[in-house]
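In the two complexes below, chain A is the common chain; its partner is chain B in one and chain C in the other.
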Partner chain A sequence: MTTDSLTSNVVLPTKRDEAWRYAPHRTLAELSFGPPNGSIASVPAGLLDDIPVLDGLCVVVVNGIVDVGRSRLHSLVRGVTVSSRAAALATDRAASTPGDETPSPTDAYVVLNAAYGVDGALIEIEPGVVLDEPIHVVDISIPDHLGGASCARTHIHLGAGSSATVVETRISAGSGFGGSNVCTLVSLDDGAELEHVVLQDLPSSQVHLGRVEVDQATRSTFRARSFNTGGAYGRLEYHVVLRGPEASADLAGLYLGSGEQVLDQQVTVVHAAENCVSRQAFRGVLDDESTGVFNGGIDVRPGADGTDASQSNDNLLLSVRAEANTQPRLEILADEVSCTHGATVGRLDDDALYYLRSRGVRAEGARRLLIDGFANQIVEQVGAGPVRAWISHRLGYRDDG
Partner chain B sequence: MLHVENLTVSIGDKRILRGLDLDVRPGEVHAIMGPNGSGKSTFAHALAGREGYDVGGTATLDGADLLEMEPEERAAAGVFMGFQYPVEIPGVNNMYFLRTALNSVRQARGEDEVSAREFLEVAKRAMQLVDMNPDFLQRSVNAGFSGGEKKRNEILQMAVMEPRLAVLDETDSGLDIDALKVVASGVHALRGPERSMVVITHYQRLLEYITPDFVHVLVDGRIVESGDSSLALHLDDHGYAQFLAVAPGDEQRSLAATRS
Partner chain C sequence: MTSQSPVIEELLDGSYEYGFSTDLDTDIAPPGLNEDVVRLISAKKGEPEWLLEWRLKAFAAWQAMDEPDWAKLDIEPIDYQSISYWAAPKPKPTLDSMDDVDPEIREMFDKLGIPLHEQKMLSNVAIDAVVDSVSVTTTFKATLAEAGVIFCSFSEAVREHPDLVREHLGSVVPFRDNYFAALNSAVFSDGSFCYIPTGVRCPMELSTYFRINSQNTGQFERTLIVAEDDSYVSYLEGCTAPMRDENQLHAAVVELVAKDRATIKYSTVQNWYPGDDNGVGGIYNFVTKRGRAHTDAKISWTQVETGSAITWKYPSVILQGDRSVGEFYSVALSNKRQQADTGTKMVHIGADTSSTVISKGISAGHGRNTYRGLVKMLRSADNARNYTQCDSLLIGKECAANTIPYIEVKNPTGQVEHEASTSTVGEDQLYYCRQRGMTEEDAMAMIVNGFCREVFGELPMEFAVEAQRLLSVSLEGSVG
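The block that comes next holds the complex of A and B.
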């Protein structure tokens, strides 16, 4: 099969697929996929101006192709490689990159991404290297007026005992229909520690499909912080495999919906080894007629004794027509396992509003304060200070430090 | 200053206050005592502007009609209520909340907002008053605070807001004797010729530390007895039973109050 005929041959998910139940299938069917057209599209002035706070290492990907001119790829720290995957493949440097073996595709969009996502950021941290400055991957999809969705793949590999922070921002320009389909493959060797932040902020006319595959070795730590706020449909999917003993995965996320947005978080953590710890903590703030989805799985495989897994999903509905859907999936096939999960859906607390107003805060300000407080509890979990401040600013919150 | 006349409050079809009269002049401290269910907290919330109350009668502060105002407008007019159950607000930084509150009322009064630095000075002075660790400013509003810490936080807010009229609703409840002393000394320090206080309490204990100018007994939604601070001692010795007999209202309510 040639890649050009792929789009018409893949079988798109339907409402009957649990993981795609709330997706706008008609809108998704209108997206078109294909190989990147090779030339760097022009980026509208001002689009990147909003992102300058993170001014260290940076990979700018435009419509699936790394724009070397806009990126800052040279690290002063030894043992840190930040480059274009396509360029690295051309020089054979990435041939041995773990994580490049594609995980078994689970749906059409992963297949499409694997076929058309020929480029993207490649991040390699050598063993023992501790990188303090965050690495920023900015994915920009420029609509082509044909409903095209760009495909890119980010590869992140941390050697044993190394640590890094990677921020992935997904944005677009204009109000045309289109979007992006980005897969991130993370591989953490023994004792490696990664903080991985995703900010999805495409225009509300577009679609974002994001998938993060994580493979963790012994005593490695993965911290995911996701901020899912853009797109008519914004989807962030995590599939984390705790392959080595005593590994830890800590995933927290915030989704902020308004209008008719559907914001979908699909999370699966697989405990495949003994004594691993995982936590999922996702919060939604849903206004107007928006829909939030949290589908969180904890999959404890046979032999993964001593597993400690928890999951929580809390939703704040700001409108009577907003909707939150939450679904825990627990499959436990091991002994001595601690698995907890809980979900809440609520509205702003009248007592708290009254309390704030009795202190002179006007009604609208009191609402804002409570909403910010609710959301802030996720924002403040971003470990890297400059990243936290920038996310706060970008989402319109204050950063209390 | 505060003038309350024939104040009635119903919640749904339940009548709580049945014509309450009270006048508080500048600088005075009035204690309102009464059995559980007599309407003490309802009176405080009626002054602060809680929603869901069906309110009749008059309540004015310096001539301004409180009952027509939103809660935030009452705060700007100088009303401060210390809550019996301060609300926990996770994720909202105490310091940020306090500065927002102070600047909101300043803005409403046409005054300049205080800068972050100026506010820090205000907050520091207030913290000393209630013997609070500065860490409290960086924590979420009341979240995970002990009962005593919450009440101290209320007094801290009062010190920052510098109200014309402070209504303290059972600020003493749930406090051990040390916390009670701290709260009482904070209240005492904030007494002044231009500030009036209405202190609502079930027990006489707090009044050992805050000597009120007047004591009122609230039973079944009405003030049935007023006097000076010696009345509180009398109540402590004899309880509320003597007033329950003379109070209007159905028998069941009186019985419930006696038992509690």
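The block that comes next holds the complex of A and C.
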């Protein structure tokens, strides 16, 4: 299928689409999509010098194209392949990478991503390999001021019994209008274990559309930790299918909104096999006129007996004009299940503030302490130590700025 | 997993005991819907010009609307032109007293267990009985009039109290509100009207009993309750229909106005014909219910939904006045091929408003039960509180339970808590009870009743007994 035939029928979602109910549709309509055109060479010197990168393996993607020069692709561990998807496709190595099937045409941005996301990180871990150091994928969009949005696709495949940590950071070099649309396709073979961290920190003039699709085989484990803090509209979508029995998915996320940001989390966990466990825990801290959205679904398919699923969403509103919209959905077509969900929206506890102040903590300090305590419950769930420290630093850095 | 026990299968097979139909001499309009039909209904009822105009505006609005498709319901397309929009038992020349009620109608209500003879009434309940499109009688009118309470059919209210009707009709549910509300506004035939004057505590429970009798008709009734300052009223509503092979449409609108410090308690036991085991027939129940609570007022909805093939119903409260209170207690059962998409909307506008939502969904057989709710706190709603609990109980392997709550908070002083759980009645629970000498049916009834207890506790006594009985009948043969 040609790119044009794929995208010519794209109809952008509207307010009437449940999953896009709170999105700023006017801003989204101004984004333009196309094949990657900017060559990396045209980036002004120095612009990419300050990319925050973790030590170890890393793939730097600039406007949808892997910048091999800035990436560290060679692993000392056998059975670990980290490369550019486009380069791998060219050498036929990635012929068998999963996730290249035509996406469901229901979501316009998924279709656009499939059409224009020609490159991105390719991560392959062979069966039985346990990789301790995290792999960092840094997606950088350089705005063209015309609303051009870059598309990239990350493929992660873990062989049976292997384990790895992948961190994806989405940032921008420049502050003009634009954005990025990144799809991550994850497939976990039997018993594989992945910790997947996303940090979205685009400038508040831009839009980020992130989608993570996960396919899990028997007894595999997927841990997602998402930090959604940037963008005029920052959207992180998870679609997890527990296809094999006894698989488990544990998703936790934090969204920190200020200004007029809209931060949108769309989560669906599908229980398609018996005895799977899933957990969703998302927290929002919303200041100024920001809006937080959580739309989380637990889908229990017929026959998925023994399902154990839980979901929680808690929101802190810090300002009179902040807004929280939460929709914790359950759809259950099996019996023998145990599903719970809960949602709360509230403000900082007056009693707790008073308690701290009466013990000599200044008002602002007390506020900070309570907010950090609330947010930290997500940050501390990041398993890999260096990544956790790095995330804390990034979030702290952001708060100071 | 072992297969479902035979006792369970048997229990789920309960029959519908109100499925008889009565041969009444009925005046039916030909099927079809156009402006002339709207005019015909209005003319049949001798309505004033303003009401006809209102109906026509609603009809025009309805024509421009699309049928909603967002609910989790599989509905055969409804042919609105194949329904007759007017069916009324032919009236006796005049109806001076209860004894003038057509004996056949009286017999029908006796069979339903609803005595229309005041002297036969067991309890202190006044009843407005609605058959197909019209109200046939209202009991205890004189007693109520003494207290200043107006309780009559909607048609009578239009004739006798036009100013009250005109002031409040459409004030809570405007005709543009949604597709089915617009349809109802255009073709509504009758219903109940109830007015409680300032400072009056209504001396008895008010009740409307709805009965669809004729074939190929829809029932479109409207209920309007106005409670003036400092008044109190408790209102009950019950419904049944004969067993028929085709689906019948019921699209009602209920509007409640609770003025300052007034309390309205509205209870429903809905037992429309649910269709047979294969999903043939049954009532399509599309209902818009909404109340507006002024300062310090309280509106409480309690519903037990056991009937209908399709239930699409979201009793709501607009918490407009400061310190107003909204409550929603619901038990929805879907057995066989029944589908229910129901819940509530609590819109907090005033400061210090609070709302409580307790929803219990039970799915059995091939039933599908969806809780869909909205809790919205606007910027003006300082210190608003909401507590929501929605629990689902699954009985059997083929049923489904969905929970779709929307929570939208625009005020940081608002506090919202939402909890939900889904569980099953397991073989082990039943086994435990049986070990201790209970029959499987008793054990099932006990578990289900325990599950629903918080809601039944909110029902007036007679209704609570009825609801428990109904639930065990509807679940008969379904233990799982």
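Structural remarks
What we mean here is this: the second predicted complex is superposed on the first by the 370 of 401 C-alpha atoms of A that agree within 3 Å, B and C clash if a C-alpha of one lies under 4 Å from a C-alpha of the other, contacts with A are read in each partner's own complex, and residues count from 1 in each chain.
What we mean here is this: a contact is a pair of C-beta atoms (placed from the backbone, for glycine too) under 8 Å apart; a residue touches a chain by one contact, two chains touch by 3 or more.
Since this is a predicted model, take the numbers as computed values, not measurements.
If you put the two complexes together on chain A, you find that chain B and chain C both fit without a clash.
Here chain B and chain C are compared by how many residues of chain A each touches, and C touches more. Of the two partner chains placed around the shared chain by superposition, neither chain B nor chain C is touched by A:128.
When both complexes are overlaid on chain A, the residue A:318 reaches chain C alone and has no touch with chain B. Of the two partner chains placed by superposition, only chain C is touched by A:326; chain B is not.
Once the two complexes are overlaid on the shared chain, A:346 sits against chain C while remaining clear of chain B. Legend: residue contacts after superposition of the two complexes on their common chain; A:354 is shown touching chain B, with no touch to chain C. In the superposition on chain A, A:259 contacts neither chain B nor chain C. Figure legend note: chain B and chain C, brought together by superposition on chain A, show a least Cα distance of 16 Å. No residue of chain A lies at the contact with chain B in one complex and also at the contact with chain C in the other.
Against chain A, the residues of chain C that register as touching in their complex are 1, 70, 379, 392, 394-397, 399-424, 426, 480. On the side of chain A, the complex with chain C involves touching residues 18, 302, 305, 315, 317-347. Per the touch definition, chain A reaches chain B in the complex via residues 349-352, 354-363, 365-366, 369-370, 372-377, 380, 398, 400.
Across the complex, chain B meets chain A through its residues 48-51, 70-72, 74-76, 80-81, 83, 86-87, 89-93, 95-97, 100-102, 104-105, 108, 138, 140, 157, 161.
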